[in-house]
Structure formats: C-alpha cells, structure tokens
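Next come the structures, one after another.
Two complexes are shown next, each including chain A; its partner changes from chain B in the first to chain C in the second.
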Partner chain A sequence: MITPQNLFQHELIGLTVEIVESSNMGLVGIKGKVVDETRNTIRVEVDDRHESIIPKNVAIFHFQTPEGQKVEIDGKILVSRPEDRIKKKFRKI
Partner chain B sequence: MSGNYLIKLKFYDFHLQGRNYNSDKKLIFEAKRLGYSGVSLLYSKDDYKESKEYLTEIENEINSEPTMDSNSVSNPVSNSTYNLDSNSDNNLNFEKTFKIFPGIKIFPKNSEDLKRQIRSSRKKTNILMAVGGDLKINRAACENIQLDILSRPYYKRRDCGINHVLAKEAANNDVAIELNICDILRARSPIRSKIMAHFQEIVKLQKKFKFPLIIGSGAVSIYDLRRPKDLNALSQCFGLSKNEVNLAISNNPKNIVDFNNQRKDIIIVGAKKVDN
Partner chain C sequence: MRRGRRPKWMINIGKERIDILFKLADNEFSRHPERSHRYVKLARNISTKYNIPMPIKWKRRFCKNCYKFLKPGQNCKVRLSKGKVHFKCLECGQMMRVPYEKEKKEKRRIKIESYLIKKRANE
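Presenting the complex of A and B:
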C-alpha cells in the first residue's frame, strides 16, 4: 500500500503528480499521471494527446497517494532506477 | 543610494539561561525592553516541563501589556527597526508580539551520551542545544541532523573547537554554531583575547563553509543582556559584517524555529507531507 512514509521508495507509475518548483520555469505547473519512469526522468501524461518528460533532479514534485494525501518530494532523492530505490538508504530526520 | 532605507528586523536571543519563575520573568521583560522580538530560555531536561507551563503565563502577560510609544522617555532605546546607516535611535517601532521559545540544553559527557540525550529530548522540544568543548562531542554534534545548536565549541580549549571537517558537516546538517557573548563579558583580559581569537577562527570558517552562525548572550541575570545594536558593534571586532550579524541574530534563529515547526511533517530529508 502506498503511504506518504514509503512513497519515495515506491513505484511511481500511476500516481498523480504536479511540478511545483523547478529551475526550468517551463516545467512548473505541469500536472498529470505518471506513465513511465527512467533513472533520471519521469514521463507525465498531461492529457490524452500530450506527454511530457520531466528530469527528476531539477524539480520538486507534489505526488498524490491513492488515498488523496499529498507529499512534496525533492526530485534529487528520486534519482535512481525504481528497482534500485527499494534498497537505497535515505537520511531520516 | 547608500542608505536612508530602513531595514525591519526581528531580533532573537537564543541563549538565555532559565532558572526559576522570577529570574526568567525579569530576563524576558528586560530582553523586550532592549529590543528583542523573542528569546529562547534553555533548561535542563528535568526542569523543562514545569518551566514550559509558567513561560506561557509570562508570554501572555508580556503580550497583554500596552505597547510603548517610540518617544517614551522611560524607554528611549530599542528596537526591531533601526537605521543601519546612521545608527540613530530616532526611527523606532516596537514589536507587538513577543515570543518565548523554551528549549533544552544538554551537557553530554561523551559522543554516545550526546546521541542518547538528543534521541530522548528531540520530540519534547523545538530548540535543542548541546554544549561542546570536547572535539569528539563537537564532531558528533555537527554530524547529528537532529541537533539545532552547538554552543561554545571552544569551551576549555586552546583552539576554537571547529575545523574544516566539522564546518562542512555542520553546514550539511544545518547545525548552528553559537558564539556566546557572556564568555567575553565574564572573562579577564588574557582569556578574553583568546576567546575573541577563537571567535575570529569560527567566523573565518563560517565565511568559507556557510554553516549557520548564532550569537547568544548566555545571560543568567539582566546585567548580562545587551542590545542588538551593541552585539552588532561588538561582533564587528571579530570580523563579521553588519549583514552577517543580522543573519546571526535575526534570520538564523527564525529559520531554526520555522524548520522545527515543520519537523513533524518531514518524512526524510527531501520529502514532506503537504496539506491538501
């Protein structure tokens, strides 16, 4: 089950995402469903015709869990392949 | 363009030594009179709980007082707004709300003890300060992301207690290093000059590695407190510019409080819950 506590280690495909901050201002405001993920990028389906490829390390994302909770994630901590992210260690606070 | 503009700043003293109701009340009222917008009183872990109750009473009392007029004769000095260029006291406004931040001060015996005490105190308080001195304790403090402030890393040492390695760690983990003005006030001349040399070293490292720096009074009585403008003047003796001092007594303390208010929403570094 996807919760805010495990979202950054989880599979991102299928989640709703919004880019709230980026060094590339053209990316800010893009909102849609994640349809594909690579090590450095995620592909977001904006509408039926358009998909955008977003580089992870320059953006801050708002992911929405299936329960409707929102989590703000700095893209830098998502930079790795999804299968490697499970065993990656993150700094707790 | 060099300066008729006013800079509005809120000054905070993040190191007042809490003891009991009467002395704390005196300290807080004096701090307000001197122009601070907020103070942090630090207690041991045992005294923290009971002091927190009476500090809310004092905070209500101090904020219910009528605000003074800037031309008041009884209180000519102060305050949160002042002209940095002319250093005149003419254009003053009084801060309406005064904030009190109770905190815990820990005196670790060794690095393991420091980690244990931080773990047990972190969730209880918003401000957590550790007193340094030993190089191993300084290192453990700088490496610990849960600690807010490392106070007096130079205590009972021949060097400043911080080196380039610790400075980098402190910057990575956002651990603020505190310069305690009370050490200068209480020490006699040969030791005083050494402490000022330690301050210079720390300031040099701060300029290179950009860790947060805080200037605290370490006041036990009202006679240890100094106005923000005095701190500004004194701090220029060990190499800080006016803007850097303003960061040290205004922005950095505020950042610590803001960050700690969000701490319960932060899941890991780089991920936090957001309200819908």
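Presenting the complex of A and C:
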C-alpha cells in the first residue's frame, strides 16, 4: 500500500502529480498523471495529446496517493533508477 | 543477509509494485500499447533485481521471447490441444505451452468419488 512514509520507495507511475516549485519557471503549475519514469526524469500526461518530460533534480513535487493524501517531495531524493529506489533509506525532507 | 537475498519489507514493496505495473499495462493497452510494453520491462527489472518470482496471475501475460504485453484477442491467440494451453504471441510468433494435466486429474478424481458415494448409498 502506498503511504506518505514509503512513497519515495514505491511506484510513481499512475499517481497524479503537481509541480509547485522549480528553478525553471516554465515547469511550475504542470499537473497530470505520471506515465513513465527514468533515472533523471518523469513523464507527465497533461491532457489527451500533450506529455511533458520533467527533470527530477530541479523541482519540488506534490504527489497524491490513491487514498487522497498529498505528499510534498523534493525531486533530488528521487534521482535514481526506478528499481533502485526500493533500496533507499528514509531521509528527512 | 545472504548473497542475493533481500529483507522482507523490500520484497513486499517489490511485489506491490509489480502488481500495480501489470494492472496499469492491462488498462492502457487499448489506447497506448507502447506504454504497456514499457511497464512489463519495468516490472521485470524489479523481479530480477530482488529475486521475486512473477505472480502466477501475470506470468502468462507477457511473451518470453520479445517481452511484450499479451492481451488475448488483440495480440495473442489462446487454444487448447493435447492437454496443453497454447499461447501464441502475434508480435513475434513465439508459442508458449502450459500443461493442464493436474486439473484434468482433479476432475477425474472428483467424478470417481461421486460415483463411489452413489454406489455405497444404493447398498
């Protein structure tokens, strides 16, 4: 089950995400569903036709769990391959 | 910790992630088939890295030659013959055969048992 404590180790694909802060002002305000993930980026489906690729290490994300809780996560913690993120230990944001 | 063995909480998270990825692949296939092939790849990465066997439910839902997601009726053909279930991948032509001998024997046993019970009741 995805909880706020283990969200950074869990699957990000399928969750809704919003970008609240970034050094690139063009990325702020993008909201949608995560459809793909690589080591340094996530791909967000904004609407039916548009997808945007967002680098992880320059942004702060608001993820929404399936239960409806909102979790704020700094993108720098998420930088690693999707299968390697399970091994990561908890670090306070 | 033995070589290749992971703690239990890691394995639990891995199992949940595999399940989530295959469910998404099943839902997305009709609109974005390339995404569901990608999700199979991600799920396989987790399963090989943490020594988690694929769940029986999802084991027959991807091709073992080209590792693409299979949806019966769309890119996969399922037939029964000679005591086996045949899955044909229409992407690469690979055939996967799974025996169902155990289910056949179970069915036979139940039939004989019910027959014996009937016989005893008559006596």
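Definition applied: the second predicted complex is superposed on the first by the 91 of 93 C-alpha atoms of A that agree within 3 Å, B and C clash if a C-alpha of one lies under 4 Å from a C-alpha of the other, contacts with A are read in each partner's own complex, and residues count from 1 in each chain.
Convention: contacts are C-beta pairs under 8 Å (C-beta built on N, C-alpha and C of every residue); 3 or more make two chains touch, one makes a residue touch a chain.
All of these numbers come straight from a predicted model, not from anything done at the bench.
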Key: Three-chain arrangement built on chain A, chain B and chain C clash or fit   = fit
Message = Under the stated touch criterion, which partner chain does A:K87 make contact with: chain B (first), chain C (second), both, or neither?
response = second
Ask   = Taking CA centres, what is the chain B/chain A/chain C angle in steps of 10 degrees?
value = 140
Ask   = First (chain B), second (chain C), both or neither: which does A:Q5 touch?
value = first
Key: chain B versus chain C as contact partner of A:D74, first or second or both or neither   = first
Request  = Examine A:I13 and indicate which partner it touches, taking first as chain B and second as chain C; both and neither are also allowed.
outcome  = second
Request  = Mind working out whether A:H62 is in touch with chain B, chain C, both or neither, as first, second, both or neither?
outcome  = first
Query = Can you give the closest approach of chain B to chain C, taken over C-alpha atoms and in whole Å, for the superposition?
reply = 17
Query = Which parts of chain A are in contact with chain B and also with chain C?
reply = none
Message = Residue numbers of chain B touching chain A in their complex, please.
response = 145-146, 263, 266-276
Ask   = Which residues of chain A touch chain C in their complex?
value = 1, 6, 9-11, 13-14, 35-37, 82-84, 86-87
Ask   = Can you list the chain A residues touching chain B in their complex?
value = 4-5, 7-8, 62, 68-74, 76-77, 90-93
Note = The chain C residues in contact with chain A across the complex are 10, 13-14, 16-17, 20-21, 24, 32, 35, 38-39, 42, 45-46, 49-50
